[in-house]
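Here chain A shows up in two complexes: once beside chain B, once beside chain C.
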Partner chain A sequence: MNKGVVIFAHNNRTLDYGRMAILSGILAKKNLDVPVSLITDPFTVDWMKEDGIFEDASKIFDKIIISVQPDTKNIRKIHDGASGDGAHCQFLNSNRSNVWDLTPYERTLLIDSDYFILSDNLNNYWNVDCDLMISKKYNDIIGEERTGYLDKRISDTGIEMLWATTVMFTKNEYTQTFFNLVDHIRENYERYGDIYRYDYRVYRNDIAFSIANHIMNGFQESDDYSLPPVLSTIDKDMLHDYDKNKLTFLITDLKNNYAAATIQNKDVHVMNKLSIVRNYKKILKMEAQ
Partner chain B sequence: MQSEFKKALDFSNYRKTFAIQRKTLKEKIQARLTYGVNGGIFKIDRQLLNFVELLISKNRKEGVVILDINDNPILIDNLEKFRDEVFDRYFTATNEYYEEYQKIKKARSVESLVEA
Partner chain C sequence: MSFGYLIVVSDKDDTNYARLAYALALSIKNTQKEGFDKVALVIDDPERIKQYTSTWVFDEIITWDKEKHWDGRSWMDVLTPWDYTVCLDADMLFLRDYSHWVQYFIDNCELYIANKSFTYRDEVVTDYTYRKTFVENELPNLYSFYTFFVKDSLLAKEFFNLNRKIVKNPIEFSNNFLQNYKPKVVGTDESFALSAKILDVTDEIAYPLEFPKVVHMKGMIQNWPYPADKVSDHVGFYFSTKGELKIGNYQQNNIVHYVEKDLITLETINILEEIAWKKNV
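Let's look at the complex of A and B:
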């Protein structure tokens, strides 16, 4: 069975997902030693060419798959540190369910473009006897004090939240049904919001994946295998530096105070996307050596 | 008083960084102690090591079924090979844990903690 990593990248006016995907891809390829493919759109590719990074992308990615840029009304505020800086921008994330059709691999690890694989831990999961695995736990870098109820459940009275930051699946009839169901939930997001009692104003893949998993499991929470907890920094933290599988962060206590911290050889979700893009050249240069 | 207060704040910052470094180190080692084999996932801990060693001492070395982290039955064809692998992973991970823990324990400032 061939296997590989897939990353989506659809640029908006503020965020350069192409650059993020290149960094995420280079780290995944280095640490997991498997091919990595990119799913993107013509606009993002044009920008990558204009920006001079398409050559980097061509070297790193096994395949660059051109898809349609998803249409979205998703507007979300992204922070850049704790000071209130940041921007409102479109989130072009509504085509994630297409991964089943677009992936070139029989066994796929789908990761977000802001998920940095700095270890080979996920290699333990390729041969697990389970067609679909999603991470069940959000694990804040500081701990429970920055974790809210809505990081664990999709609503105050809702089902458990799964984190679609990392998803591993085998291409078969079962997972095809699962991803079709995710798409159906996305199309009827407001209606499912009434049933599952979540805030439907902004589409979230995590919620759609959680509901699809709940339905496919006979309307119960699943006790099947899952991927490891997603260690996360929030967008009010800042990625400050990178040095060979070691990321240095400024971590906020949400009161405008920062503490320095590092993560080395451990996979991490870096939610401050603007700070990833700021470190693009440094990370790329170091990994190219 | 002013300088004492600054000292206290510096120490507070140091403790914050120390707590995060220790937490992420523990999690890294926990991840290193995960082992996927024959379709199952095992957590390598003292219980697993002891159980495997016990089975081998009772001459149960081939075609042994062991329950994994999800309590699913996983068939291990060669238990001695499995034992060697989990022992190797356990000692590699715990030695790394020890070395890295010593580094952060000895670090006395935020700068030395992040460089450790």
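Let's look at the complex of A and C:
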């Protein structure tokens, strides 16, 4: 069974997902030693070419798969640190369920472009006898105090939140049904919002994946295998520096105070996307050495 | 050897416990396999169940009016017609076959009392809002809603004899044993827990098991981020024509102790009756 990592990248006017995907791809390839493919769209590819990074992408990615840029009404505030800086931007995330059709691999690890793999931990999951595994838990980098109820459940009375930041699946009939169901939930997101009582104004893959998993499991929590918890920073933290497999962040206490924290040899979700892009050249240079 | 469930009801003016017992008996007949589906009803006024069309779901109807409300349950060992009994609260529903639980108890126990409960999302209840008496007085966390016992067991006899003394003398026992937090009423859960503690038999009658699994639908223990009086104010109860129950977004497979008595409507009864009739054609 061939296996590999897949990353989606669809640029908007503010965020360069192409650059994020390149960094995420480099680290995944280095630490997992498996091929990595990119799913993107013509506009993002054009920009990558114009920006001079398409060559980097071609070297890193096993395959660059050109798909359609998803249509979206999703507008979200992207923070850049705790000061209130940031931007409102389109969130082009609604085609994640297409991964089943687009992946070139029989066993796929789907990761967000802002997920940095700094260990080989996820290699332990390729051979697990489970067709679909998703992270069930979000671990904030500084602990529970910044974790809210809605990081654990999709609503006050609702089902547990799964984190679609990392998803591993085998291409078969079961997972095809799962991804079709995710797509159906996305198309009827408002209606499912009534049934599952979540805030449907902004589409979230995490919620659609959670509901699909809940339905596929007979409307109950699943005690099947899952991927490890997603260790995460928030977008009010800032990625400050990178050394080989070591990230340094400025971590906020949400009161405009920062403390430095280092993550080494651990996979981490870097929510401050603008700070990833700022560190693009530094990380690329370091990894080229 | 006979096994059966026992339901003891004594109607309060504001609650039709006979209807709840009837719904529970129907759900037992609909879901349990033969040999594990017998039901005995102990009732103070049998006239209250005559209106129902399928009273055959009660294999035994015992008229008994010596105690009122829940105090009658302290006589379960005397009242039961079965050699092996599981005594249940009336406001419960069975949703699948649990006879393998019963078989374990028959093979291994003289007396076993449920010692945990679950939310509708299948989490173990850890909130002690309703259990201050237990925490403050270091009582074992027992739930009388599912009690297995063997009729001729000495352990069970000793336990229920003491339990009856507590129920009859709640003030004396509260003053002596529940000084850290006195409950307004010494209910069956409290008296069971106190009996177990005084006799020092908790490890024998309430050791950790994965079952029985009973979903307890009191509002404050559902692990919600806000206080809730009634569960039905926040999530829906959806009872299908197949007799399946969903609470909120969750399919229920374990015994549901629904607490809110008005959830058992005539429509619910009709659904359960129809399933029972079809099963027995």
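Assume the second predicted complex is superposed on the first by the 289 of 289 C-alpha atoms of A that agree within 3 Å, B and C clash if a C-alpha of one lies under 4 Å from a C-alpha of the other, contacts with A are read in each partner's own complex, and residues count from 1 in each chain.
Note that contacts are C-beta pairs under 8 Å (C-beta built on N, C-alpha and C of every residue); 3 or more make two chains touch, one makes a residue touch a chain.
Values in this document were obtained by computation on a predicted structure and should not be read as measured data.
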Which of the two, chain B or chain C, is in touch with more residues of chain A? B
Have a look at where A:Ala260 lands relative to chain B and chain C in the superposition and call it first, second, both or neither. first
Once chain A of both complexes is superposed, is A:Leu284 in touch with chain B (first), chain C (second), both, or neither? neither
Pick one for A:Gln220: touches chain B only (first), chain C only (second), both, or neither. second
Partner chain(s) touched by A:Ile26 [first = chain B, second = chain C, both, neither]: neither
Should A:Pro228 be classified as contacting the first partner (chain B), the second (chain C), both, or neither? first
Of the partners chain B and chain C, which touch A:Val128 in the superposed model: first, second, both, neither? first
First (chain B), second (chain C), both or neither touched by A:Asp156: second
Common interface positions of chain A, toward chain B and toward chain C: none
Parts of chain A lying in touch with chain B, wherever the complex brings them together: 119, 121, 123-129, 139, 141-143, 223-225, 228-229, 231, 248, 251, 253, 259-267
Of chain B, residues touching chain A in the complex: 13, 16-17, 19-21, 23-24, 27-28, 31-32, 34-41, 70, 72, 110, 113-114
What does chain C use to touch chain A in their complex? 121-122, 222, 224-226, 234-235, 246, 248-251, 253
Which stretch or stretches of chain A touch chain C in the complex? 149, 156-160, 195-196, 214, 218-221
